[in-house]
Each structure stands twice: as C-alpha cells, then as structure tokens.
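Below are two complexes that have chain A in common, paired first with chain B and then with chain C.
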Partner chain A sequence: MRNRLGFALQLAVTLLVAAFLVVPVAMSMLAGVTANFFVGVSSGLTLRWVGEVWRLYAATIGLSMTIALACVAATLALGVPAAYVLARRPGRVSRAIEEVLTLPLAIPGLALALALIITWGGFRDFRTGWGFVLVGHVLYTLPFMVRAVLAVLSATAMRDLEEGAASLGAGFWTRLATVVIPNARGGIVAGALMVLTLSVGEFNLTWMLHTPHTKTLPVGLADSYASMRLEIASAYTLLFFIMIVPLLVAMQAMSRTRRTAGPVEELPPCRPLPSN
Partner chain B sequence: MSSTPIQLSRCGKTFADGTRALAPLDLEIAAGETVVLLGPSGCGKTTLLRLIAGLESPDPGGTVRFDGEDVTALPIERRAVGMVFQSYALFPNMSVRDNVAYGLKVRRLPKGEIAARTEEMLEMMAIAPLAGRRVHQLSGGQRQRVALARAIAVRPRVLLLDEPLAALDAVLRDRLRVEIDALLRRLAITAVYVTHDQAEAMMLGDRIVVMSGGRIEQAGTAREIYRAPATPFVAGFVGTVSRVADLAGGEALLRPEDIEICAVAEGRIAATVETAHFLGGRCQVTLSGPDGGRLIAEAPPDAAPPVGARVGLRWRDAAVIRIPLMEAAQ
Partner chain C sequence: MSNRDLPRLVLLAVPAGAFALAFFLVPLARLAAAAAGGPKGLAAYASVVTEPRHFESMMATLALAVGVTAATLVLATVAGLFLSRHAFPGRGALVAVLTLPLAFPGVVVGFLVIMLGGRQGVIGGLTEALGAGRLVFAYSLAGLFVGYLYFSIPRVILTVMASAEKLDPALEEAARSLGASRARVLKDVVLPGLAPGLTAAGAICFATAMGAFGTAFALAANIEVLPMTIYTEFTLNANIAAAGALSLVLGAVTWAALYAARSLAGPPVAAAA
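Right after this comes the complex of A and B.
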C-alpha cells in the first residue's frame, strides 16, 4: 500500500517536471498555427503564419543550413586529422594542444566574436560575407569534433591496427581509408551531428558577427521575437524545431548504438591441421 | 612458400628519449629456420623483432638483409613479412573472412584468386565456420587462429610472431603451441618468434636466442642452451640450476634432475631437506647445502624424503655444467 503511494507520488512529480518543460514548448508550437493566439485555438488553426515566416525568413534558414554544412565540412577536414595526430603522439605537447583547442568553450561567445571583429574587421569583404560567421562557428565547434574523434581513436588500439594493416602491405592512405576511418566512424558521425546541431542553434557568436545580409536562423528568431507578432515568432520556432529535432534524435540514436561485445562462444575442439 | 634467410648486422636501437633498447648485434637466421627470441620483459626481444619487421629502424650503421637484399630502409608494408601481434590487431570493422583477405586485397590480386586463397586459409586454420563473424564475436583462441591465417595468407617471405600466446590461458596455450609448431614445420617458412616462456621456446625453436639487457646472451638449440649455458644468466633463465662447490674455479652448476638424493654416507655432500613439493610425475625438493646454499633436486613422486631429514647428494661428473669464470664475471 505504501509502495503504491510512493510510486504514485514519484510518477506525479515526474509528470509535473516533464509538463513544466514540455508545456511551454507545446504552447509555443501551437501558437504558431493558431489564427489568433489572443482569442485562442477557437479562432481556428492555420498555416498562414508558417507561410509568412517562409516569405520573411527563408533566406536565414537557407543560410543557417549552408553555414552548418560548411562548418561540418571544415571541422571534419581540420578536426579528424588533428585528433589522429593527437592520438598517435600522446605526450605533453599533445595535451597542451588539446587544451588550447578546448579554450573557445570556456570563453563567452560574445568575447570570441569581439576578438574576431577586432582582428578581421579591417578586411571588409571577409567581414561582410557569411564566411566570417562560418569562422566563428568553426572555432566554437572544432573542440567538439576533436573530442568526439579522439575519444574513439584512444579507445581503439589504433596503433596496433595500423601496424597490423601495414604488415599486410597497406600504405598510409590505404590504412587510413580501410582501417583508421572505418574504426573511428562512430566518433566521426557523432562529432558531425553535434557540430551540425550546435552550428544551427548558435546565437551568441552569430549575433555579434552577423550583418543584415548574413542573418542565420537563431538571429532571425531574435529579430522576429523583437519585432513581429507573436504568431509569426511562434511559427518560426516551430520551423526551427522541425529542423533541429531530427538531428537531436539521430544524435541520441548514435550514442545508443555504440558497439557492444557480442556473445563469445567456446573454442571448438581443435582439429589437427590437414596434412596436405 | 618461399624461404628467406635473414641477416642482421650491427643492429642496435636507441630510442628518442635516449633509452638503449638494443646494443649493436649480429644475427643470422637460416632459410626456413624457426628462431625464438627468449628473455625477460625489457630484454630487447620485441625491439629486435620490430627491427626485422620494419616497424623500427636500427641506429645508423645497422643493416637488415632478407636473402642478401638490404631492406633496412623499407617500411614494413614493403618487406613482405607476415606478422602476428600479441593483441592480434584484427580489424573490428571487418568479418573474419575480410580480415584474412585483407593482405590479398591490398596487393590487388585477381578477385577469384583472393577468394580461393582466403577459403584455403580458412579451411587450413579450421575457422571456416566463423568466416562471417565479427572479431568481437570470437574467443581468444579463435582470434589467434584468424591472426595466423591473415598473416600467412599473403605468403610472406618471413613470419614474425610477437608473443602470440601470451594473452591466452594455460590450457589453450599448450594446445595452440602444438598447432603453431605443426604449422611452422609444414610451411617451412623462416620464422622469428618472441616469447618469455621457456617451454614455448624449447618446443618451437630450431634455435633459441636468449637475450638480456639488450644483448644476445647465447644462441643455440634448446639442448645446447639447456646443457651448456654460456652465461650464468642463461643457466638461470632456462631451467633451474643449483650451484655446487666450485672445483677448478668458475661456476659449477647442476640441473635438478642430475642431483640424486641418497644416504648421507653415499653422498658427495650432505644436505638438509627444506621443502618437498609433489608435482605429479616427480617431486621437487629444496635442500640447504653444507655452506648454506640452496640446492634444488628431484625425487621420484612417491619417494620424497621428509622435511628436515639429513640426506646425501650425489651426481655424475659429466652432468656438471661449467661456466668459465671470465664469462661468469661479465
């Protein structure tokens, strides 16, 4: 009897906490498809606001995706080789480099952005293009990629595997393509999804770095919250969710399907080697 | 399969941090011969194997030759060696079949030949039923066989084995040792085998190279090394020895099986039994000698003297192992 009561209480608390987190999100998403939020759902459901957002902000969504994909490409190109070198040559220098790579996480995005503007502000074309925002995103997301790949490389006996491949005649590039990358794939994919998600949602840095022509989705969101009617801002949020949730689900799935050891059977009785 | 002799000349190895793993040494390995590098950990045996493999390069001045051809500058992937690693280094992203076929694919052999040779290897090593499995679904002994199959599938000039049985339990180790021995004899391939296990070395090696402190202490057949050790280190590392009164200077050593326990009056020396352990086929008896030195003798399994008994010890003169003082002092 007491156990039941305890369970009921725990369930209630859990549901309350979940509701506390989920209800505002659901409300906001609902607002995005409500004809008039102040009248309520009774005013009818509509996709008008979504259409309006698309008309006003389609460019920011496109740019966000472009920057996010470019950011993934850049962090793959920079981060995977960096992680490989760090894993292959562990030592004090590697540790120091790893720490420096992680530094952008500790510095507030705004400060990082300011530093970038002070350094590159003079290069007008660079400063005003979306490449400038991209640089900020790469700086911010690179440590996540390096960490994710490094973790997998360190967990696998990569040096042994590479020596094994070399002993069978594989040169550096063959080893990389057939042994190193396939065995680091889990970390590389996890890192790429993480970078994609972070880049799509990045606001701090981007808010400082953007120009009117290089507005990303989160900056557009802030803009719409400040200057549009509530339904448009909510519809915009709805679109953001539609973009980001599949990425989050994929990330979740990735971390769950980490390879686990399968069943190991007993060694079958040894047969003598055939003699011919 | 081809047989390739190996010649090492003045091969030393000093690591970047200044550690000298190997003093410059010479070693000739005949075509088709199985040489076992035996020694305690840190003796340089693995470094020597990695020099032969091409995973390390010797200090300037050292050369490695395969069949007269200087391969010192070639990395491992161009030396056509087969190697079995202590960790096996099997590729977890591939099936057993793909692991075995890897070296053949890298060499870009025709598809049909790759398939045929892979199946042949799987059959030969009795792992065909496991061909579709992933490495993590194999037991230690199965991995061992896959590693061997993968290494010999490419028909290497030389087969190198780095403590291939060290990760297995004792029963499995005994079984696989016999298998490896049969395999090496059948392939008649030049093989270098690293181990710290003297029983493994004595069973597998046509010749055993005993190493210590980055140097070769002695190279010879199991019989030579056991019966005529060149240094006290070799005498102590391969088998057990007891020191008896030195007659003509230098060391006079006896193997346990050469010391016979008898009545005090019949013995050359008298000793007191300290311990007697039943080991199945025999008893190992520890005694303290006249000068307090410890002696190890063997007794028949059911005739061990009681602890504390005074007994005599005798031996044939021919059984005494003498190590000249000069070498003993080294």
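Right after this comes the complex of A and C.
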C-alpha cells in the first residue's frame, strides 16, 4: 500500500514539473497564432502576427544565423587543434591551459562583455560590426567545443590508433588529417551542434555588445517583449522555438547514440548550458 | 609520436592561445584595472559591503540563488529518480519534455514566466476562476524565482538520471534484505550515491542563478539582483569602475562555487554539463 502511495506521489511531482515546463511554451506558441490573446482562441487563429514579426525582425534572424555559422567555423578552427594539443600532452601545463579556456563559462556574461568593451570598444569599426558580437560568442562557446572534442580524443583507443599509424611511418600532419580528425568526428559534430545552439540563443553578452545595426534574434526578442503586444512577442518566440528545437532534438539524439554505440568516450557528453 | 612533435603541437595551440589572450586574459586584466581606477580606487571592490544598495543587491541575489538551488535539487531529485526507476508508456516523451528547455536562453524563460504569472498569465486566470482574485507574480522576486527554477530543473534532472543509472542496485537489495526500510535505503544508500552528481549540479545551478541576467531583464521590473545592478551602473550611471568591480566580485563568487564543488565531487563539466 505505502509503495503504491509513494509511486503516485512521485508521479504527481514529475507530472507537475513537466506541466510547469511545457504549459508556458504551449501557451506562448498558441498566443503567437491567436488573433486576440486577451479574448482567447475563440477570436480565431491567424498568421498575421508571424507575418508582422517577419516584417519587423527578419534581419535579426538572418544575422543570428550568420553569426552562429561563423561561430561554428571559428570554434572549429580554434578549438579542435587546441583539444588535440591538450589530449596529446596531458600534464600540469595542459590542465592550466584547459582551465583558462573553460574559465569564461564560470564568469557571468556581463563581466566578459564589460571586459571586451573596455578593451576593444575604442576600435570603432570593430566595435560597430557584427564581428564584435561574434568574438563574444566564440569566447563563450569555445569551451564547449574543446570539451566535446577532448572527451573523444582523450580515450585510449585514439592513442593506440595514432601509435599504429606512426609506426607505419605516417607523419604528424598525415596522422592528424587521416587518423585523428576522422576518428574524432563524433565529438566534432556534437561540439558544432552545441556551439550552433548556444550562439543562436546567446543573450547576456550579445545585449551588451550589440549596436542598433547588429541586433541578433534574442536581442530582437527582448526588444519585442518590452515594446510589442503579447501576440507579436509570442509569434517571435514561436519562430525562435522553430529554429532552436530541431537543434536540441538532434543533440539529444546524438548523445543517445553516442552513449549506446560510442567506443571512445570517457567523459559524459557535455550539454549546452546557456548562462541565462 | 615523440617529442619531435612538440614544435608542431605548439603551432596548433597558437590560434586558441592568441584568442584567449586577446579577448579574455587581457580584457579581464583591463577590467580589473578599470574597476580599481575609479574615484574610489581599490575600495570599489569592497562596495558590496560598504555601499548599502550593492550590499542589499548581493544579499538578495545570494538568497535567491540558494533558494533556487535547494528547490531545484528537491524537485529534480524526485522526478529524476522516478524516471530512472520506472518504465511506463510515455516515459520517453516525459523525459524529452523535461529536458527540452535545457538550452532556452534566460530572456525567453523570462517571457515564459510572464505567460504563467503575468497580467494575462494562466495562473492568474486560474486563481481568478477560483474566486481568489488575479494572482500576478511575474514582475517580482517571485517571478525571478520561478524563472530560475524553470531553467535549472532540466539541468539537474539530467544529472540525477545519469547518476542514478550508475548506482549499483545490489547495494539497495542488500540493504533491503537486511531489513532497512524504504526511507532508510533512500537516506543511507541512494542519496549518498547521488551526492557527487548533486553537488556538481547544485554548484552549476547556484552559479547560473547568481549570474543570470536575461530573465531579470525580460521581466523588466525593479528587481535588484546583482546582474541588474551591474547593468544599471554601467548603462544609466556610466559608472564603469563600480560595474567592473561588481562584475568581478560576482565572477569570483560563481567561480569559487564551481571550484569548491569540483574539489568535493570531481569535474563539474564532466559530471553535470
């Protein structure tokens, strides 16, 4: 009897938590396609608000995609080689470098943004272009890329593969291109997905770093929350969900297959954690 | 595969190193210098103690972060343990629902709180229908609490589920067969097994709640939490020294929380992120 009661209680808590998480999302999606949210769904469904958002904010969506793709490219170029170096030479120096590379995660975005503005704000062309926002995004997403790739590269199997290739006469760059990178692609793809997701949703740094000409999607969202009617804010949020949810689903699917199939994984897969 | 590779490895590390130097280490040093370069000098760093407004903001933020962490740990442990212990139809969908908000930015979470507890919110509608008057809580500290709970729960649930899968069921069976009650097994076997994961997840939860800015910004009320205070100092008062000092103090607090948890429970990113 007590067992059944315990089960029911736990189920109730779990369902309540799930409702807490999902009800506001469903409501905001519905509000985005409702003619008048104050009246309710009976006022009719419409795509008018979505059209309005597109007219007002299409540029922010385009810029967010541009920055997110550039951010993936930059973190690949910076993070993959760095992760390889850290994996090849484990030791105190590597630990210190890893600590520095992941430190931006432990510091609130506001502090990072202030530091960037104080140091680089005087370079006008740089400060006013989207490259400035991109630097913030790279700073904040790079640790995720390094971690994801390092997790795969630190596995012992990789070491053996490389030893084998070396004993067969493969040089440094050949091993890197034909052994290391192909075998690390699981971590690289996972890292890229994470960086893409985080960059599309990044707000804290971006709000401080953006200019009127470099508004990203989340900056536009904050703008619409403050100044637009609820239906427009909701329709805009709906567009954001449409962009971000497929990325999240792909990431969850990847971490599942990696967990079941992954021969080379010692660290659990990292998950994207926005600084909020 | 020998030390001959060293020069090439150094070469590979140069881009990331240069980036970290130019856009992280030097800016952070400049920020520290700017914070100490105001009219108050080094005393700016002590403003969380000396200046009443900053002190209140710090205390409110600490209380909020501790409260959110405690509530999240309780709710997420119940839900996470339940989900990892029971198989039932719809479990997969439930897990997906519970973890999907994982990467929602804080500003969107703020809007979702408005959906729940704002002027047209669903909870206000419910309380009104029940004859208790319209409950509006979104634009206060309570709204912030709900928002932080929203983005913290999915993170901790995942950690609990991952930790619970690694527990050895034989230990629980042994305890049960020796006559321990269910509550006793939970207290003496299950929770100690989950403790490292919960410590790491709790620290991440606390650090995120301390530094969160987007949610408070979206709720746009006069909620004085530290990130909002920093933002006000910087944009409205143009007090770069105060903003810089406060943000570095905040950074030190969050870093210390994560560091302490890691010394207690192993690497936080590996355990929970």
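Points to keep in mind about this one:
What we mean here is this: the second predicted complex is superposed on the first by the 242 of 276 C-alpha atoms of A that agree within 3 Å, B and C clash if a C-alpha of one lies under 4 Å from a C-alpha of the other, contacts with A are read in each partner's own complex, and residues count from 1 in each chain.
Simple rule for what comes next: a residue touches a chain if its C-beta (ideal position, glycine included) is under 8 Å from a C-beta of that chain, and two chains touch if they have at least 3 such contacts.
For clarity, every value in this text was computed on a predicted model and none was experimentally measured.
Contacts of A:161 after superposition: chain B is touched, whereas chain C is not reached. When chain B and chain C are set side by side, the one touching more residues of chain A is C. In the superposition on chain A, A:174 contacts chain B only, with no contact to chain C.
In the superposition on chain A, contact of A:91 is made with neither chain B nor chain C.
When the two complexes are overlaid on their common chain A, residue A:182 makes contact with chain B while staying clear of chain C. In the superposition on chain A, A:218 makes contact with chain C only, while chain B stays out of contact range. Once the two complexes are laid over each other on the shared chain, residue contacts for A:100 go to chain C alone; chain B is not touched. Look at A:14: by the touch rule set out above, it reaches chain C but stays clear of chain B.
Touching of chain A by both chain B and chain C, each in its own complex, is seen for residues 163, 166, 267-268, 270-275. Those residues of chain C that touch chain A in the complex are listed here as 1, 5, 8-10, 12-13, 15-17, 19-20, 23-28, 30-31, 34, 75-76, 78-79, 81-83, 86, 94, 96-116, 120, 122, 148-151, 153-155, 157-158, 162, 182, 204, 207-208, 210-215, 217-218, 220, 227, 230-231, 234, 240, 243-244, 247-248, 250-251, 254-255, 258-259, 269-271, 273.
Within the complex formed with chain B, the residues of chain A that make contact are 156-157, 160-161, 163-171, 174, 178-179, 182-183, 185, 259, 261-268, 270-275.
Put simply, chain B touches chain A in their complex at residues 53, 55, 75-78, 80-83, 85, 87-93, 102-103, 106-107, 123-126, 129, 134, 136-142, 150-151, 154, 160, 172, 175-176, 179, 182-183, 186. By the touch rule above, chain A contacts chain C in their complex via residues 2-3, 6-7, 10-11, 13-15, 17-18, 20-25, 27-28, 31, 37-38, 77-79, 81-82, 84-85, 88-89, 97, 100-112, 114-116, 118-120, 135, 138-139, 142-143, 146-147, 162-163, 166, 172-173, 197-198, 201-204, 207-208, 218, 221-222, 225-226, 230, 233, 237, 240, 244-245, 247-248, 252, 267-268, 270-276.
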